[in-house]
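Read through the structure below, which is laid out as structure tokens, and then see the notes.
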Amino acid sequence: MGVKKKLKELAEWVDGTVVGDGEIEISGVAAIEEARVGEITFIANSKYLPKLGGTHASAVIVSKEVTQADRPLLCVTNPYLAFAKILTLFSHKPYQPKGIDSNAWISPTVKLGKDLTLYPFVYIGDRCSIEDRVTLYPGVYVGEGSSIGEDSILYSNVSIYSGTVIGKRVILHSGVVVGSDGFGYVKEGKKNVKIPQVGSVEIEDDVEIGANTTIDRAALGKTIIQRGVKIDNLVQVAHNVAIGEDSIIVAQVGISGSTKIGSNVTLAGQVGVVGHIEIGDNVMVGAQAGVTRDLAADQGYVGSPALPHREFLRAITVFPKLPEMRKTLIEIEKRLKKIEETLSSRGKEK
Amino acid sequence: MGVKKKLKELAEWVDGTVVGDGEIEISGVAAIEEARVGEITFIANSKYLPKLGGTHASAVIVSKEVTQADRPLLCVTNPYLAFAKILTLFSHKPYQPKGIDSNAWISPTVKLGKDLTLYPFVYIGDRCSIEDRVTLYPGVYVGEGSSIGEDSILYSNVSIYSGTVIGKRVILHSGVVVGSDGFGYVKEGKKNVKIPQVGSVEIEDDVEIGANTTIDRAALGKTIIQRGVKIDNLVQVAHNVAIGEDSIIVAQVGISGSTKIGSNVTLAGQVGVVGHIEIGDNVMVGAQAGVTRDLAADQGYVGSPALPHREFLRAITVFPKLPEMRKTLIEIEKRLKKIEETLSSRGKEK
Amino acid sequence: MGVKKKLKELAEWVDGTVVGDGEIEISGVAAIEEARVGEITFIANSKYLPKLGGTHASAVIVSKEVTQADRPLLCVTNPYLAFAKILTLFSHKPYQPKGIDSNAWISPTVKLGKDLTLYPFVYIGDRCSIEDRVTLYPGVYVGEGSSIGEDSILYSNVSIYSGTVIGKRVILHSGVVVGSDGFGYVKEGKKNVKIPQVGSVEIEDDVEIGANTTIDRAALGKTIIQRGVKIDNLVQVAHNVAIGEDSIIVAQVGISGSTKIGSNVTLAGQVGVVGHIEIGDNVMVGAQAGVTRDLAADQGYVGSPALPHREFLRAITVFPKLPEMRKTLIEIEKRLKKIEETLSSRGKEK
């Protein structure tokens, strides 16, 4: 990587304080087990503090509660965040445009910005707009009338259907499909009549979308992914969905048509969400949950169908005890019957 | 869009009746919130009727029960179907062949139909047959010996393995893979020995398949997707599966090997189906269900493992009450014990 | 297929014994319903033995328990394994290199082995190493500094990010993405700060990966898929995951970050596994299970959250009886109350 920074410089960079020698030079970042002399590592969770003894790292990013160790410390409020920022510092490579390869196919009506990197086998359709410093890897297809904002990166084999709007600093990983037809049919007898999907997709600034994720175009109107949303691999976003700012959508989630997701929401892996509902801001939905109705803001949910987090946990804990409960129930009925008979006979005795 | 139609003409087109002025001209279709003057909108569900007041639409498609409003109505049996047909009327663009781009790679042994649209970076292997008016977008790969029927459209980066048969008017969205090897191994000790997948895939007429869906070739024989089937994004169809006519397979469904799905079946999102079973005609399976055995025709199922719809609903409603039930059970045991002791002591008293 | 073998030769090939005429010639393999005269079929499960009467196959692979039938038998310990080996014998085509197409884009700094097959529209970045007899289908992208071992096959539209190491005899099906950024962010307020993903992916020898599966690169260090692992379609493998030798990962499974899967493990379809846990060797996890903590070796698990197999089965069997149990519970309470009242009044009577 080449870059070297003094520990005290890193502390300034992440708004932390040094315990020990701030003059030592740091040349990289590594996990605690792999770190070598000259590198900095981090401990995000205090339960890993005992591992400190075994690392070869020359310094360690820790939370402010830690005040001493056998080597220099960089103490911060959020060690994980500081790690991310220092790793960015060491790994960042300045953008160098590679130009437009002669094997890229670009319509003469495309509006091209400056300092582009267009690899071989890129296709850009009529009347597209490709802004400054955009990178399109091999096999990227951009359908007619689409626009891609400054500094965006589309990795190999990404497909952008016509009329899609993509913001600035957007990252689309390989195999992402944006703007494919929404899944809309209406039955006429048994036959499925296709509803033309004449809407579009808009992806705002600073969105990142994982490999092989699919975002369908709207039937009418727009499917919209708002600023700062991060979507993992193999996620399905159906037509007319809206995802609010800074939300996190983990791998293999499926969001059905016309559903509105608030801002700063987290949907964990393999969650399914039905269509035409609303999920409030700051909601967290646990892995594999099935969301079947509107979810109120600022709460956690899990289960299929989804329940408030605590309610689900309480119920699922009892689930393995079901056979025992059933057995108890049968025994109780017997005992009860016996008592009733006893009482009945004693009643008659009198 | 350019097209203009009188309301009475639209009524004829969808077999409906006009309430109000049938002479007004309609220039497009839009959702109720976005419709502008000159456009028609629709209300599929009568609960949205109150929204009629706020729309700018010049006319509204409604069901036959609605008989008056403050603007012209188009009354039909199925408003959603009429909407689809009218939208098709306004959005349909006649096919115009773009010819064969010089950057497409086509084996000299390919049989090419008329009026094709073959984009740059298309690859077509030996002895394929591409029928009239087929459109292949950039990055489409068609392996040797495959055939694609009239008017079919394969969007960018679709992969068709060798020996695949694709019918007429088929639409395959970007990233679809057809004919990849089925997942077949047999253990020899701990080692996985690959079972050669020497079968093929057949996709019949009028099938549409969503982005990044995968359809594996058969081990022996055929994987078959019958006429009119519609498959959503990110669906997995394993080797030797058969899906019957007009069935609907929603996003992220997985169907395991050799399973037979009847006709007019609906599998909702994220459903999983085990291998070697049969699902009867007209079955509906709810989202995230896990189908573990044959399902009888004409019924609804949900849950994992799947139960008849009503049975599952009744049980899942009780699920959150499990902790309370368990508590009650423990209390009952105590009370019972107390009674038994009382009876026992009174028995002795006598 | 052209090849013909005597039945006794096949018996030698798979270490079996012939019952009946070992001299008959076999020209191919087919399923029991489709087999024609001259072909061999197989019965892996004795419950299908009655089907023997209806097949046209000239010979049948069966288990050693079967000792007679109306046609020649090939008796083996594992009929399915013998079928796989005989099918391989008949379907195997010797590799014939097609050379390097002039429409492939290959950096001058790539190290190329012998006897390659590089199709049109392949892209290979700087300083890659492509070993002998590798096949890259159209639309394959190989990022800089990656290496691909002998005899590996990458089907159309596979994307390999920079710095990936791929072993020998590896098969990657269409649309596979290897080395995309792991899904790593840390919140700074509500904003998601990206953690640079500077690690890599290593895929060892004899691995096969299904269509549109995604394998993310590590944040730091390596994501590793060990020798002989077989992964189905549409699977998500997150950053820093390790999958042990000979494990089987079925379609649509999702494995979260830093989780370690042992060797010879089976994860059935649509299983989800949380991050930072360990699954022991030889574990089997049932379809749609949700694994939320470490799993001990050599056992079966199912359910979400996953339970030991038998425990889950017992509980899920009771699940549909919940409404009835609840009703019983309410009735019992009433009867109990009545008894308590009776006892109380009789107590007073005295």
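The letters A, B and C name the chains in turn, as written, and every chain counts its residues from 1.
In this section, a residue touches a chain if its C-beta (ideal position, glycine included) is under 8 Å from a C-beta of that chain, and two chains touch if they have at least 3 such contacts.
Not measured: the values here are computed from a predicted model.
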Interface overlap for chain A and chain B, more than half of numbers shared or less than half: same or different? different
Would you kindly give the rotation angle relating chain B to chain C, two copies of one sequence, based on a CA superposition and rounded to a multiple of 5 degrees? 120
Using Cα averages as centroids, what's the distance between chain A and chain B in whole Å? 25
Of all residues in chain B, which are in touch with two or more distinct other chains? 121, 139, 157, 175, 212, 234, 252, 270, 288, 304, 319, 321-322, 325, 329, 332, 336, 339, 343
Residues of chain A touching chain C in their complex? 29-31, 34, 78, 80-81, 83-85, 87-88, 91-92, 101, 103, 119-121, 137-139, 155-157, 171, 173-175, 208, 210-212, 228, 230, 232-234, 245-246, 248, 250-252, 263-264, 269-270, 287-288, 304, 316, 319-323, 325-326, 329, 332-333, 336, 339-340, 343, 347
Report the residues of chain C in contact with chain A in the complex, numbered from low to high. 105, 121, 123, 139, 141, 143, 157, 159, 161, 175, 177, 180-181, 183-188, 190-196, 198, 212, 214, 216, 220-221, 234, 236, 238, 252, 254, 256, 270, 272, 274, 288, 290, 304-305, 307, 311-312, 314-315, 317-319, 321-322, 325, 328-329, 332, 335-336, 339, 342-343
